[in-house]
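Okay, so subunit A shows up in both of these, paired with subunit B first and subunit C after.
This part shows the complex of A and B:
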């Protein structure tokens, strides 16, 4: 609270994160995180998936948890992110992010009573027209009094970066804007200015070398071997098991009856007038798979790969973990539970079928780290290797860190390698957001904001110059 | 010396339907003293609001003299043209909402030094919190102001630190996982639409519309004790199994409910059917079945101008009925002696309930009748229990009939509203047939699954809390629990047992590893018949491999995996938290409004007991210094 005199308002144009509540937006493939700078967790965590209902009157979009999990006929579940880890569908992405911000942070703009639509008609005709336009303007700019810090993946294209600032300035009317890479922010969240950030998310795994708060751009590595890959591997485990393990999402089941392990399920199933779409089913299946990943899947902790020596036999001898499907089918998983995540480290071990080709060797996490480190000066390597920051929800896979530590020590036996993995789940999942929250509330950060004036002067190209 | 005294504290709990408020904390906490319907009426001047509908009354004499003077009267019952500022928990009309709060505040008539604790709906955003803070400090000049999350308040009321609060409101459901008194904001399901009390009313309406019932009737049916939500596995009465017993075991009920046909026709057998489970069953004549036409929609008859004929007919009918009743009383006495135990509601096919017809009353009032005539028409149309006149407080009959209601109607009836009897069939059990319970169950599952700490989840499943007036419908909570259990419970007979608990016949391994688990089952060949074969296989499999390796470590990772997630998968059990025993006044009325009780407890703690140490509220100097944004630092 460093206002000199509490009764004077801050000078307009002075963007102080402490006083003016800056909003930090951390969009991801699985969830979109948003919250006020200076807080320790994002208040708003919304799914990045959205529902689309095609009516005669055009497409209707549904956002938020509540809307996308109700089985409705013709409800298509989509995601605005492209396969390359860059936003593809900008229009919808903007809406999702706006939803994440307005639904839980700022609230819909209420406006004054003359504009809230309830008192229309009392005015003369001409007046109410004006009011309507005002109200429309008001609604279109949800962020008029909050500077916005957005995170971006390390490989974002210049075009995409300009798009970010356009959305913030033009559509949301933000007074100030800044763009920062997730890698740097995750490092900040762990209190590091330099390090290698390994971020295993839903759609992508990225390895980002950061030196003194700057990303070494050519060193940034990404691969599609991440949470969704593990989910697909889990599907393959189910499919290739004998007999095949049925994956029935919760919404299909009316009630289940306990059955013995391995016995076909005896559940009452629901019937739908209009069957839910495949994309909806897939999203709901993903919920079951998430539960499976949380409670059953384990990363072979090493040393060595799962396929080395008799490691596989040892893994089979480990106590099994039971799992019950929504329809009541249940089984104890023993050796199989090490399979889904092994592909992250060993491309040969990944299960394959027609839809899931063998992943490339250079996409495994150890190889990503190796390539990232190769792009760094030799004398900087020990510094970075002693600060390996682990983040992303998929790193919460059981024993992930043990394995990673073994792999890295094998690659770099001569340096002192240290993994920095936040202990609490929240910090691991939302590291980039937390870093953004810290950054945006720093006093010294104020000079970095790109103000509206600057944007209007220089156009969207300014983001390339200012946000490195 | 605490900064505030018990009797100075104001608690306000705004809701979509009812706003609760109270000034002062009594020695033993009581339900809210002030209950206000959360609606206001637009005043003549734009932007101003009135708490009651203002009706313009023309006085004939004045009209004749051409006087411009108009008379206004407050109509405390009518809800025509009301604006409800809170919808689905969200504040949609701020000026109306502020007017409502001001009305509540004035109704409490507080002295100067009163801190205010406001129960905040989960869906309110931080920005809205700031707005509220500003309003309370600037408008009421309150010395201290606190915001308490509704879900958190509920957990305070129950005194549990970890719980999953399911708040069933009017049009929405909020599901909040709370661990160690901290709500998980990330995965919280807020304002799930189409699941609250209103959805149940609509569910009834969808089924009873064809029988001539309107929304208001369904709303009251829902609040009457005959409306019930049956657990998923209970069959409806009238279906094969149930109907076999019903008429046989209760000849009296059969006599009264066995009238041929259903819906309006049967409903017209006024006063003859059992009035409901709370009241004695009468047996009478079925003579006036020809009344069937339009009997439900008296309001439109009245509005249509045929009132006088209708009133005359009604009067006649009443006299007949009274006569019949005298005769009937004798019969009933005889029947009473022979009558076996009355059937529970869930076994009956048809039951009647008393309907308080506000629309009719509105229409009557709109007709500008003199007050005498109005009263006359009212008493003619009123089909409530005859003793109403004598009964000063008309407490008993109503508390029975409206046990589910908000209590608001009890006062409304006193103002001379019109009650009629309506009979309904098994539709009354179908309020939640549209998947309301399943949607709530899914929301609970989603909420708990999104709690990051996996090991907390099983505790959250074990401490479900259902509150909110939407859940008052009879059987709702039981049916919800049954729905959740049939869908999500991981059955204990499955393989889960091995990892969730160490089987009792294996001793707990000590940290040193010396106490390696020993199989105490029979020899490897023959598992005892009563042991689950999987249990046997798993335990022996573990130990078989433990032995050759000669070290207990392979087991230890398994155990630590359990630490990471104490149960592999949740839930292995689902339970409701028992309501606290030590609030006698609350025990009487139920804990549906437990958020208010929680707020009382919290107010006592933050304002009085800890003397402001916990920063549970913001003081006026704080506000002056830091402005409304600082409220986030003070919220509980």
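This part shows the complex of A and C:
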């Protein structure tokens, strides 16, 4: 494939000369990551949630960090991903991804590719953008100069895979396209052609066996016990605490005064003409819960479950960690901070109420690993178990790896089991994007791209043949 | 074709066939070329000494895309021979090793893992396949253990 691009014309004998300004898109439930191939981190990390404002003239959609976190009238917050971990609302997903790409990479319209990557005066997706969908349709297509590599979950349906290439080719005008599985990319980024990839994101945990760079499809396991689950468990810890712990998101607080631990907050709260919707409030609460997960929640490190023997007593005697709500309410959390994540490993330990039923045993992470391994030939199991790649932001939970390692050693006492967990937060969060970034920047990758011409000749079914 | 699009030069296969048939060559070390486009033969050796072979892997370097040299990966084929326990003589197994050290920089790690399938597929008649990621994985004991197991 030849991309006319004078600024990166090949320089003889120099590797970098082969690079094309491809774009890599790694859409997740929590965030959408986009950036130029060849760069170390995605330049654009946008929320995958969007805002919808219904008014007389129809629905207005809001994308990006600033727009969706500002309480505006009857703003509803939604997410285009379905409960099965496959995109449900394609039209809006397309707009969110397009926003992630155009707001920080290509500009609202296709720009001069020579200037790609230079339009980065800001360092976050701070700009809000009201998108009038009809107006966008009349614009130039946003990706006419950039081949696009998109990542997909290991369980994506054939229909969903065709949808990705249709969006890239029809809506965005991409000259070339490729689809690669997140599990494979994360494995490669860790230097593994074969391994088991454990990805704990927001809506799903998945366990993916990879052999020589190919996903063993029948072995792929997924479950809803992931980041959102840990957040919901944290809500229950707050609710069941005596007295109940008030979860107050930032947007409600006008000003606060410092207060002692455990006493009611002394804050001024904002009032709203139109009260913010439940969905808006819920997303804002989720951000506070993420801070809580980052700084307070700890996974019982094992060996054994939290409920075993006197482990619970031991956990209660461990040093506490303070947390302050946006309104100044604060407390040192002791034993409670081990509760929210325990259900990932032990369904019995999950807190429950009417909205949060007991999780299924087979959805816990150790059981997912076990089921994935069962689908692999016996003689390949030691290879996979010695290459267990940990990825996804929820694996950043404190002591997550220690516990997982104990659980796996207990399941497989006679193999040499080894966890491979990238040390930096960036690598752990963006492993799949980083893997895609390297592949899509390779001169040798030319042969893999599905060109526009091939797409036009063969139709969207070509992804199934070319991107295994 | 590998997932990276990196290709395998015919000399890789020629060297392998020579090892397979002649039993004169004891090992071959392959590398991905400095322009990261194809897999080439770095060295063939008639010396079957494991430790000197191992040292070569441990000292392997690769350049990243900016040309900076660091810890690198390699592929290798080693004709591993060992005594059968019952005194029934020796056995030899042509063993493929994908050497991708955990402490190598991101770029070579990615390249060696995503290109492995291509070279492995090009070499017909491998008796064992080892993914090695640290110095322990290429200890003779560890290799022997894995190669002599089962078949």
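Throughout what follows, the second predicted complex is superposed on the first by the 420 of 468 C-alpha atoms of A that agree within 3 Å, B and C clash if a C-alpha of one lies under 4 Å from a C-alpha of the other, contacts with A are read in each partner's own complex, and residues count from 1 in each chain.
Operating definition for what follows: a residue touches a chain if its C-beta (ideal position, glycine included) is under 8 Å from a C-beta of that chain, and two chains touch if they have at least 3 such contacts.
Bear in mind that the values here come from a model prediction, so they are computed numbers and not experimental data.
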item: Which superposed partner A:251 touches (first subunit B, second subunit C, both, neither); value: first
item: First, second, both or neither for A:79, with subunit B first and subunit C second; value: neither
item: Subunit A residues touched by each partner, larger count belonging to subunit B or subunit C; value: B
item: Touched partner set for A:234, first subunit B, second subunit C, both or neither; value: neither
item: Partner chain in contact with A:92 - subunit B first, subunit C second, else both or neither; value: neither
item: First (subunit B), second (subunit C), both or neither touched by A:420; value: second
item: Partner chain(s) touched by A:32 [first = subunit B, second = subunit C, both, neither]; value: neither
item: Shared subunit A contacts, counted only where both subunit B and subunit C touch the same residue; value: none
item: Complex contact set, residues of subunit C against subunit A; value: 1-7, 34-38, 65-67, 73, 98, 100-102, 104, 106-107, 109-114, 116-117, 120, 131, 133, 150
item: Contact footprint of subunit B on subunit A as seen in their complex; value: 1, 6, 19, 21, 36, 41-43, 45, 65-66, 69-70, 102-107, 110, 113, 116, 118-119, 122, 250-251, 253-256, 258-261, 287, 290-291, 294-296, 298, 301, 314, 317-324, 326, 328, 330-332, 398-399, 424-426, 429
item: Touch list for subunit B against partner subunit A, complex; value: 46-47, 83, 91, 93-96, 124-128, 185-187, 189-193, 232, 439, 442-443, 445-446, 449, 452-454, 486-488, 490-491, 493-496, 498-499, 534, 538, 541-542, 545, 549, 554-555, 557-558, 561, 564-565, 567-569, 624-626, 629
item: Contacting residues of subunit A [partner subunit C, same complex]; value: 13, 15-16, 38, 40, 180, 184, 187-194, 212-214, 379, 383, 387, 420, 427, 434-435, 438-439, 441-448
